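To start, the structure under review is shown below, and the notes come after it.
Should a chain be cited, it is by its letter among A, B, C and D, assigned in written order, with residues numbered from 1 in that chain.
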Amino acid sequence: MSDPTVMQLLGRRLRLAVVGGGPGSFIGAMHRQAARLDDHYQLVAAALSSRPDAALQAGQSIGLPPERCYADGAALITAEAQRADGAEVLAIMTPNDSHASLALLALQHGMDVICDKPLSNTLAEAQAVHEAVQRHGRILCLTHNYSGFPLVRQAKAMVMQGDLGDIRLVQVEYVQGGRAVAGPSRRPWKDDPVRSGPSLVLGDIGTHAHQLLRFITGLEVSAVAADVGTIVPSRPTHDFAGALLQLSNGARGCLWVTQAAAGMENGLRIRISGALGTLEWALEQPTVLHFKPLGAPAQIRTPNGPGTLPLAARSSRIVAGHPEGFHEAFANLYTDVGLTIAAVRSGRTTDTLWQYFPNSWDGLQGLRFIEAVLASSRDMGRWTHLPT
Amino acid sequence: MSDPTVMQLLGRRLRLAVVGGGPGSFIGAMHRQAARLDDHYQLVAAALSSRPDAALQAGQSIGLPPERCYADGAALITAEAQRADGAEVLAIMTPNDSHASLALLALQHGMDVICDKPLSNTLAEAQAVHEAVQRHGRILCLTHNYSGFPLVRQAKAMVMQGDLGDIRLVQVEYVQGGRAVAGPSRRPWKDDPVRSGPSLVLGDIGTHAHQLLRFITGLEVSAVAADVGTIVPSRPTHDFAGALLQLSNGARGCLWVTQAAAGMENGLRIRISGALGTLEWALEQPTVLHFKPLGAPAQIRTPNGPGTLPLAARSSRIVAGHPEGFHEAFANLYTDVGLTIAAVRSGRTTDTLWQYFPNSWDGLQGLRFIEAVLASSRDMGRWTHLPT
Amino acid sequence: MSDPTVMQLLGRRLRLAVVGGGPGSFIGAMHRQAARLDDHYQLVAAALSSRPDAALQAGQSIGLPPERCYADGAALITAEAQRADGAEVLAIMTPNDSHASLALLALQHGMDVICDKPLSNTLAEAQAVHEAVQRHGRILCLTHNYSGFPLVRQAKAMVMQGDLGDIRLVQVEYVQGGRAVAGPSRRPWKDDPVRSGPSLVLGDIGTHAHQLLRFITGLEVSAVAADVGTIVPSRPTHDFAGALLQLSNGARGCLWVTQAAAGMENGLRIRISGALGTLEWALEQPTVLHFKPLGAPAQIRTPNGPGTLPLAARSSRIVAGHPEGFHEAFANLYTDVGLTIAAVRSGRTTDTLWQYFPNSWDGLQGLRFIEAVLASSRDMGRWTHLPT
Amino acid sequence: MSDPTVMQLLGRRLRLAVVGGGPGSFIGAMHRQAARLDDHYQLVAAALSSRPDAALQAGQSIGLPPERCYADGAALITAEAQRADGAEVLAIMTPNDSHASLALLALQHGMDVICDKPLSNTLAEAQAVHEAVQRHGRILCLTHNYSGFPLVRQAKAMVMQGDLGDIRLVQVEYVQGGRAVAGPSRRPWKDDPVRSGPSLVLGDIGTHAHQLLRFITGLEVSAVAADVGTIVPSRPTHDFAGALLQLSNGARGCLWVTQAAAGMENGLRIRISGALGTLEWALEQPTVLHFKPLGAPAQIRTPNGPGTLPLAARSSRIVAGHPEGFHEAFANLYTDVGLTIAAVRSGRTTDTLWQYFPNSWDGLQGLRFIEAVLASSRDMGRWTHLPT
C-alpha cells in the first residue's frame, strides 16, 4: 500500500473510543486488533461494561487510565466530547438495539463513527442515522467486513471494468451452523427480538449477504420473493431465510441464509454471472477468486497475484502467496475510514480508493431489504418491491 | 459388486434396442457405452435416424445387421416385438416430445423401457406412462443418471440410516454455461417449445436437480415459490429458474438452475442439513462427499472408502482412490435396471439394492414439479402446492 | 472423437483374448470393461485361472464358449493361433513374473499384445520383449493407464507446444495406503519377490510415476540418487522409495512413492515447472489441470474445456463438465492401440494421435529406472546414471 | 485465548526496538504489525536505515521520537541499554549476515531477542548465539513463523498425543516462483553470497521446511542425501535443493525446495504419515488440516473446530470459520515470546504452552542441516549424517 498514513496526514494517530465488546466478546477484541494492525488509531477511551467496576477493570486491563473507563456509552460520548484530547472516532459494538442511538449521539457531538451491522433494528432509525450523517457532515463506517477482503474488492473492480459484461445472475448464500441446536444463545440479548431485531438471521448475516452482493455488483435489489422463518423447534427468533431476487438492472438472483445448518462453520459464498463470464468467491478459502471467462480457460485470481487491480492491491499487506484473513479484512475497513477521517479533519482531499467502506446508506439499504423480505414472506412469497 | 450378472440370471445378455442418439449425439454414445460397460446387454436393433439411409449406415457402423436398422421408433418396436429374438428392452433418447409415446408403445408390446428425462413434456403424458407401467407390469428406468454416482447413493444411505437426523434445510443448484450466448441451439429441436417442452431449463436440468434432492432426502417437494424466465436477450425458451421449497416434512429449501451462466461448465451441487449434520456433494468433484457432523470434525467420504454403505459399495467397480465418473454412474442405472428386468423375466426375486434407479413415478413427480414452478412464477412468486 | 472405429477399419471388431484377471481380480474386470467401452474389441478367449474347472466356470460366466476357456496362457496362445477365428490381440494381466514370457510367445505367434506393467521383473526380459516387438513388427501396449487421462494428455500437448518453455523442475509422487499395515498381501504372489520382482513398490507404482513424468515432459531420467526400502516392520518387500532425479535436458526432479502411508488412498500427483510456467495434476481430482503461467493469472484446464488441444480432445467422450475417470482413461489406451492394430492389419496408415500409448520401449525404460534406483540405494544414495 | 496479557504480567507493555525492515520492506511492516496485533509490545526505538536522515524520517513516520531513531543496530543496542526506559526486546530483520552479531550484542546487553531466520550464515555463528542465549539466560525467538499457524500447532499436538502412531514417512516441499526469471534480486544483498549465505534457497526457505518438519514431528533429521544447485541460467546463488531424509527414529522423508518454479506463489506443503494415519497441511489453504486415520473416514480439521487441542486453541483469536492468516501466525510468535519474556522478567512461571516458539537451538539445527545438505551434494548425493 502506497497510501499515506494517518500519522502523515494528522501528525498523530486518530483518537478512538469503543463502546461494547467487553470481556468474553470476540468482536470487541477484533475491532481493537483491526484498529491496531495498521497503526492509524490510538485507543483512548472505552465503555466495556455497564457495570462500573467491570468497566473499570476491563478498561485498565487494556491500558486505559481509570478516568476514561466508562460504564455507559452515552456518558463516554458526552465526557470525551468535552476533553481537548477526547476521542474523535467512536466504534460501536453493542447489541443491535443501541447502535442507532449511540451513533446519533456521537454524530451530534462531532465524532466520526464505526458501527457494527445492522445499523439499527428499525428502518426509521436507519433513516435517522443516515440523515444525521449527511447533516453533520461526518463519516460513518458500517462494519460489513467482508467487503474488506482483497479478492472481494478485486471482484468488485473486475465488475467495474467490465470483465463480466452485463450482470445477469447472482447467487449468494451464508450458511452457518452456530444455531443448529435448540436452546438459548450464548449471548442472551440475541434471543430477545426487542434487542436483536425483527429477524435475527437477517440482521446477523442476511445483511452481510445482501451487502456483499451489492458491493461487488454495484446493483441494488429491487424486489424479493421471500421465505423467512424458524426451522429449529421452539426457537423464538428466525434462523433461516431464502429470497429470489430481482436486481436493479433486471438481473435475477437467489439469496439463502441460515444459522441452523448443523456442522457448518461460516459458509459465505457468492457467484456472479454476466454476459462475459462468472466470478466465484467463498469465505472458506478467501485467497482464491475463481474467474470463468466465456470461451477461455478458467482463472484463479489471488491477492496481489497477476491481474490484481488497484482497489485490491492496496488491500493486501504482503506479496502474493501469504494468506491474509479476517483480521486483515476488518483492518482494511478501519484503515480506509481512518484515512478518510484524517483527510477530512486535516482539510485534505480523500482518495477515491479509500471510499469503498460500507456506510450509512448501505445500512439503510440493509434495513429496507430486511423489511421487504419480511413483507414478502408474510404475503405468501409474493414479489415485494423495495423503494428506489 | 457381488451381485449376479444378467448372464447368470438369464443365461444370456438382455436384448437391447435404442431409439435416437444417432451420429453427432453424445447422449446416444453414452447410453450404448453405459449398456456395454458391465456387459449385461446385447445391442440388437436401433433407430438412429429418421432418414432410412442414414439409419442404415449408422446402425451398421455400430455392428447391427441391416434388417435391424430402423428409421422409425414405432416401426422398430412393432417389428422387434414379432421376432423370437427381438429386443426386450427399449432405450429412448429422442427429443423430449416423443418420449411418452415411444414408451407407451414399447410397454404395450411387452418391452421394458429405459428412457431419457424428462419422462414427457406434459403432465397428462407422464400420468399415462406411469399408469401403463403399472398396468403392464413392466420396468421403466428414467435416466436421472446423477442418482447412479456412488457418493450420491452413499448420501442417500446415510440419510436413510439417520446420520443427519431430521432433514431441515436443502439447497440444490444446477448452473451450466452452455446457453450463455444468444443464438440458436446446437440441436434445433431444443429451441422449439413444442418439442422441448414448456420450460427448457426445467426439463433439461430442473428435473435433475429436483430428482437429486428427492433421491437423497427421500422427501417430496410439497410447495414452491418460484421464478422462471429468460435472461439472455431474445431467447425463445427459459434459461433460468429459482424456487424456494417446502418439503413434505416441513423442511425448507432452495433450488436454482440455469443454462446461461457464462463460463460455467456443469455445476450441479447439493447441500442437505439435518438436526445432526450436513452433507455436501458436487458433480465437479464427484468422488468427494463432505459430511459435517454436529460437534465432530468434518469428514470426507470417498467411493469405497471407510464407512461406505452397501448401496454405495455396489456402485463402485474398483478400490478406493480410482476415480469413476459419468459413464460409470450412467452404467450403474443400466446395471440395476438390467438385473431387475432379468430377475423379473426369469421369475426370481429382485434385490432391494437394485431398486434405486429412477422410475416412472419419479418422472411423474418431475412433471408435477415443473407445472408447480410455472404456476407459481405466473402467480408472482406465490407459494403453489404440489399434489400429495 | 472423430476417429474412425475398428469396425470401420476392419469391418469387424478385433478378436481379444485375456490371460489372468480371474474371479476376485479388479484389474481383470477393468481390462474387459475398458475393452468394451468403445466397442472396438470382441472377447473371444480367456485363461482366467490355472485350475481348469475354475477357468471354465469363469470363462463361461462372461459368455465364452467352453472350448475357448483355457487354464494356461501358453496353451491359449498356441491354440488360438491355429484357429481361423483365433484371437489376434492378447491382453496379459497375470503376476509380474509371467508378463515377459507370455508377451514373447504371443508376439511369436503373430499376436499384438496389451500387457500390464511392469513389462517384466528383469531388465534382460524387458530387453528381449522390446526386441521381439521390433523383430516381429507387432504392437505392444503397456497399460500405464494414467497416460490415458485427458488432462495428462493435455499436459503433454501443452509441453510439446512450448507452453512451459524449457522444463526445469519436476516433482512426482505416488503415495498409497494399501500396505500401511503389516501382514500378508491380499494377493499372495505380491509378497514373493521372485514373482513380484526385485522391488514391489517400484514395480507396482514407481514405474507409473516414472512413466507419467516421461510421458508429460518427453524427457528421460538420466541419473538418480535414491533410497528404497521397507518402513513397515517385518515386511519382505519394499514399500517406499525416493529419488532425486537428473533429467536428460539437465532439469532436476524428485520422485517419492510408497504404499505404506496409512490413511492415503491413491495419491498420484505431478508438478512440472519450466521457464514459462508450471503444470499440476493429481489423480484425486483428474478433471482439473492447474496451469500457472509466469506473470499471468493461474488457469484451470478441464477436459474438453477452452484451450483443449487435439491429443486431449480425442480422449474425452463428452462435453466439458461431465467427469470421466479411471475406466475411461484405461479405455483410451485400449482404443488407441486397437485403432493402431486395426490400421496396421488392414494396411492403412495410422494417425499420429493414436500413438501415445505406452509401449515396449517405455517398459524397457521402466526396468532401467528400477535397476538404477536399486543401484543408487545400495551405493549409499550416490548418483547413478541410466544408459542413454 | 485465556492467557494473561503482558500488561497483566508486567503492568505495562514490553519495550521493543527493531533493527532493519525499513521503507519498502514487507517483513519490517510484518514484524511491527505482528507486535501490535495482540498489544503486548510498545515500539520505542528503531534502526530502519543505515543512512541517518532516512533512519530519522522512517522512524518518525512510525511515531518514534527523533532521539530513538538510530542509523546503526549496534548503536541502538548500546544506547538503549543505558536508558532507564530503554528497549528490553530487540527484533532483528536485517540481511542474514548481521543476524548473529546483532543478536550477540543484544544478549550481552541484557536484551531478549526476536530474530529473522536463518539465525546466521555460518554454523560457528549459530553455535555462538545459542551458547550466548544459555550463558546470559535470555530468550531468543527465531521467526520460523509457519509454526505459529493454528493448524500447524494442531498437527504437532496430534502427533504428540499419538494420533499418528510412530512416524514413518514425511514429505515437505516449499515451492516458490519469485526467482523464476534470471536477473538481479529485488533486494541486492540476496545476490551476494557473502551476505545471503552459502546457499540462498536453503537459508531463505530450506530452513523453513526443515523447521516445519521438526516442529510437527518432534524428530530430528539425522542424515541427508541431497542435491542443491542453480537451475535458472547465470544465477550466482542456489535456487533449488532436494534431499532424501533419514529421521532420528528411522522414518524416511523427502524435502524439496525451490524459488525458481515459474508461476508458483508460495507453495509450502507437508505430509506426515505414521502407523495410524496421515496429516497434510498446505500454506495455500492454511485453515484446512487433512487428517486421514487408518481405516476411518478422512477428516478436515479447522482452527477452533471440533477436536481442537489446547496448543491450537490458544493460537486462534476467533470462532471457527473466520480465517486467520500470515499476520496472525506471525503475531502468535510475538505473543508467545512476549508472554515468556514478561513472565521471566517478572519472576513468574511460564506456561508450557507458551514455549512452542522456535529458538536458538532450532536455529543451530537449521545451520547444521544446511551444512549437511551442501556436503552431501558435493559428495555426489551420498548420505551425510548430521551431528546428534
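Everything below uses one rule, namely that a residue touches a chain if its C-beta (ideal position, glycine included) is under 8 Å from a C-beta of that chain, and two chains touch if they have at least 3 such contacts.
All values derive from a computational prediction rather than experimental measurement.
Chemist: If you match contact pairs by residue number, which of A-C, A-B or B-C shares over half of them with A-D?
Modeler: Copy of the A-D interface among the listed pairs: B-C.
Chemist: B-C or B-D: which has the larger count of contacting C-beta pairs?
Modeler: B-C is joined by more C-beta pairs in contact.
Chemist: Counting only Cα atoms for the centres, state how far chain C is from chain D in Å.
Modeler: 43
Chemist: Cα centroid separation between chain B and chain C, in whole Å?
Modeler: It comes to 34 Å between the two C-alpha centres.
Chemist: Please work out the Cα centroid separation of chain B and chain D, and write it as a whole number of Å.
Modeler: Chain B and chain D have C-alpha centres separated by 55 Å.
Chemist: Specify, in ascending order, the residues of chain B that touch 2 or more different other chains.
Modeler: In chain B, the residues touching two or more other chains are 291, 298, 302, 305.
Chemist: Please name which positions on chain D make contact with chain B in the complex.
Modeler: 290-291, 295-302, 305-307
Chemist: Chain A touches which residues of chain B in the complex?
Modeler: Result: residues 164-165, 168-169, 171, 173, 175, 177, 180-181, 225-227, 229, 231-232, 240, 242-244, 251-254, 256, 258, 260-264, 271, 273-278, 291-294, 298, 376, 380-383 of chain B touch chain A.
Chemist: Which bits of chain A are touching chain D when the two form their complex?
Modeler: Against chain D, the touching part of chain A is residues 5, 7-8, 13, 26, 29-30, 32-33, 36-39, 61-63, 176, 178, 264-267, 283-287, 302, 305, 317-328.
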